[in-house]
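Structures for review follow.
After this come two complexes, each holding chain A, first together with chain B and then together with chain C.
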Partner chain A sequence: MNKTYIILASVLVLLGIGLVFLKANTNKDELNPEKLLTEINENTRYISTDELAKRIIESDPSVQLIDVRPAKEASKFMLQGAINIPLADLLNEDSQAVFGQDGKDFIFYSNDDIFANQAWTITRRLGIKNLHVLKGGLNYWAETILQPVAPAATEPQEAFDLYQARLGASQFFTGATLEVKKSEPLEKIDLKPKTKTKQVEGGC
Partner chain B sequence: MGPLIPLNVIDPSWNNVIALIVGIAFGFILESSGFSSSRKLAGVFYGYDFVVLKVFFTAAITAAVGLYYFEYLGWVDMSFVYINPTYVSSAIVGGVIMGLGFIMGGYCPGTSYCAAAIGKIDAIVFSTAMLVGILIFSEFYPLLESFYNANFIGNITVFETLGMTAGWFLLILIVIALGAFYVTSIIQEKVKKVDYYILLK
Partner chain C sequence: MKEFSNNKGLITASAIFVAVIIIGLLTTRKPEIDYRFTPGQTIETLQNLKYFISPVEVAKSVKANENQFVYIDLRSPYDFNKGNIQGSVNIPANRILEKESLSFFEALAARSATVVIYDADQSLTTGPWMLLLQLGFNNIKILQGGWNIYSALNQQNPAQYPGLSAETPKYDYAAIGKSMTPETSTEKKEEIVPKKKVKTAQVEGGC
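This part shows the complex of A and B:
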């Protein structure tokens, strides 16, 4: 038999044997560690509770909230439009399908930042883009949006504007009615019709 | 990184341009390997020429081995590679019809256009008949639709169905291919040789 055929055949068999023993490549497409570190330090991933509230109220279609708390906690309360992917299930195929959606801003939240930041790190390492973390998590959400505290009288105007916005958001999310102080009845003013004075005389 | 088009490395609008270039290259290689001869293709059936089997089987295993090494190196994500859906009934009937046409005409669809392009009359008749066949099938599609879609089992692969890894399956396939090459070369020696040039005179 032709020598070339034997050599080529053995090359193919060797390559085939190689494939059997190669372990499946599991950590492909991982984000470059230096880039990841820069992004972790940049803190640009955070989104404030006020900004999130505004986007939910405006029903921004690009918002995809992801609750990373365990399913038991999440079943009691989730933010509007959120889906629950517990941290342990983050790498499942079903969960990965969520991140395949184009044009979405994925916003992780948990009770505070910790779980959400872990979820951010894992998914960012997979090279997924448009990932955010709700700054302060649900605790800060409750503090600022659900039960906002009135600023002290000495605080600047911006604080009052923010408080007003938060009160509005609180109404939206909790259904609470805004308390409006009843003003005292106004003093009655006597209105007397003006008496006509003498017509202007003269002319040009 | 790959596959390049599904992952948008290359814009999908290039699809037709790439198809044209690949098609021309494929046709050129088919013609220059002598695949535009219906005798060469029918030779697989009669046992005097197994080049077709060797070429296509080698192409398949080389491509498969290459793809899985690419996947190992992270160049191709196999979960994005298109897998043809399997409709069992229509695959069997279609295979029988295709096989009959192949042996009667001496061409498969690709090689018939290849041979038609160099002016072979039988290939022109074959490819025209193929178009007529497509027309008939399309006209009778409403009647055939339920059969056409019957026994759909999804986008399955052989190794997943058999419950083995792709590596093992490929190794077995390589051994089968090499065995087939060896056996066919013995058959070819025993069957009386056909000299195309004598036949042409």
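This part shows the complex of A and C:
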């Protein structure tokens, strides 16, 4: 009688110990390599500088910019509303708290888009959603938004429309009225006192 | 008697318990491909790894026929056939996790060969490269600028290619962008000079 109990109990205890040593599935949300590869090749993570500029100007509350450059570079210049999370600090508790926010579009950017893509791959693997990468990074931002280049005369109308939009954005972000065609000063108009001229009145 | 039947129940119960656990263990599918680096390890590796190789260095090596590197082209077979780095193997980016590709990468890692991968440009290369790194392949380098830059090089006399900058700022953003505060309404308002309407005399007709 006692023996059976002991055998049963030891079997269960052994199984229990076995379960402890099983590899823990640490992160249920973790994307497996196949899924991650599919998303990498989809290229839907990119957001263009024009779209970003538009969203910042409209002060879209869902935009959460994340600057992944080293703190030294980021301290000199960051995009409006961005927070600096250097690649090395990506898995910190503080950073994880940032990604915990609901209803945000997290947009990584760096000078180019290499670091941003690296950050994206790691965080996406962890199963974090709504992650984006600024296409071309700050270098492209400077070329398209801060200092837009006028299209050649032969380019289609869309290029000019885009250029106009970029000029507007440029003014917003540089806070300057540069590059805008100087409007000629209004001609001064002499104020002349009204002189009533005699009007011909017709009589009856 | 009562004790005996209790005991029987206990045995059946524990047998079911054991069976459930065993079935559970058997049915959990083991992932075929597993990450070898945790995200933390990946980031650490990124900090210390020299993972860029310049197209000039590659062009020189190809010209000298050194067989120093193994080249892997991630572009589509169509683009690959139009032109590629001499001696490269074509593994389109969407097929790097197929069995053949992985065993190829394994074999290269086993003989510690230095692999150079490239796509049309470097930002297209980064994604697949990052994935391979997390799978444990840290013997892979990215061709800076990708095929676009490499193919533009003068193969016979590869010189330093200007304008290649991965992750180096090209501009002084702070100087261009000033501080990013939008409230800079220091614009002077133009004085508006009211134009007076001058009434012109109208001829009025009488009756």
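Brief remarks on what is shown
Here is the rule we go by: the second predicted complex is superposed on the first by the 148 of 204 C-alpha atoms of A that agree within 3 Å, B and C clash if a C-alpha of one lies under 4 Å from a C-alpha of the other, contacts with A are read in each partner's own complex, and residues count from 1 in each chain.
The working rule: contacts are C-beta pairs under 8 Å (C-beta built on N, C-alpha and C of every residue); 3 or more make two chains touch, one makes a residue touch a chain.
Here the structure is a predicted model, which means the values were calculated and not measured.
Once the two complexes are overlaid on the shared chain, A:15 sits against chain B and chain C alike.
When both complexes are overlaid on chain A, the residue A:90 reaches chain C alone and has no touch with chain B.
For chain A, the partner touching the most residues, choosing from chain B and chain C, is C. When the two complexes are overlaid on their common chain A, residue A:117 makes contact with chain C while staying clear of chain B.
Contact with chain C, but none with chain B, is seen for A:139 once the two complexes are overlaid on the shared chain. The contact surfaces that chain B and chain C form on chain A in the two complexes overlap at residues 1, 12, 15, 19.
By the touch criterion given at the top, residues 1, 5, 9, 12-13, 15-22, 24-25, 28-29 of chain A touch chain B in their complex. Of all residues in chain C, those touching chain A in their complex are 3, 7, 10-11, 14, 17-18, 21, 31, 33-35, 39-40, 42-43, 46-47, 93-94, 96-97, 122-123, 126-128, 130-131, 134-135, 165-171, 173-174, 176-182, 184, 187, 190, 193, 195-196, 198-199, 201-207. Residues of chain A that touch chain C in their complex: 1, 4, 8, 11-12, 15, 19, 32-34, 36-38, 40-41, 73, 76-80, 87-88, 90-91, 110-115, 117-118, 121-122, 125-126, 138-139, 141-142, 146-147, 172-177, 186, 188-189, 191-192, 194, 197-204.
Residue ranges of chain B in contact with chain A, taken from their complex: 61-62, 65, 68-69, 71-74, 77, 165-168, 170-171, 173-175, 177-178, 181, 185.
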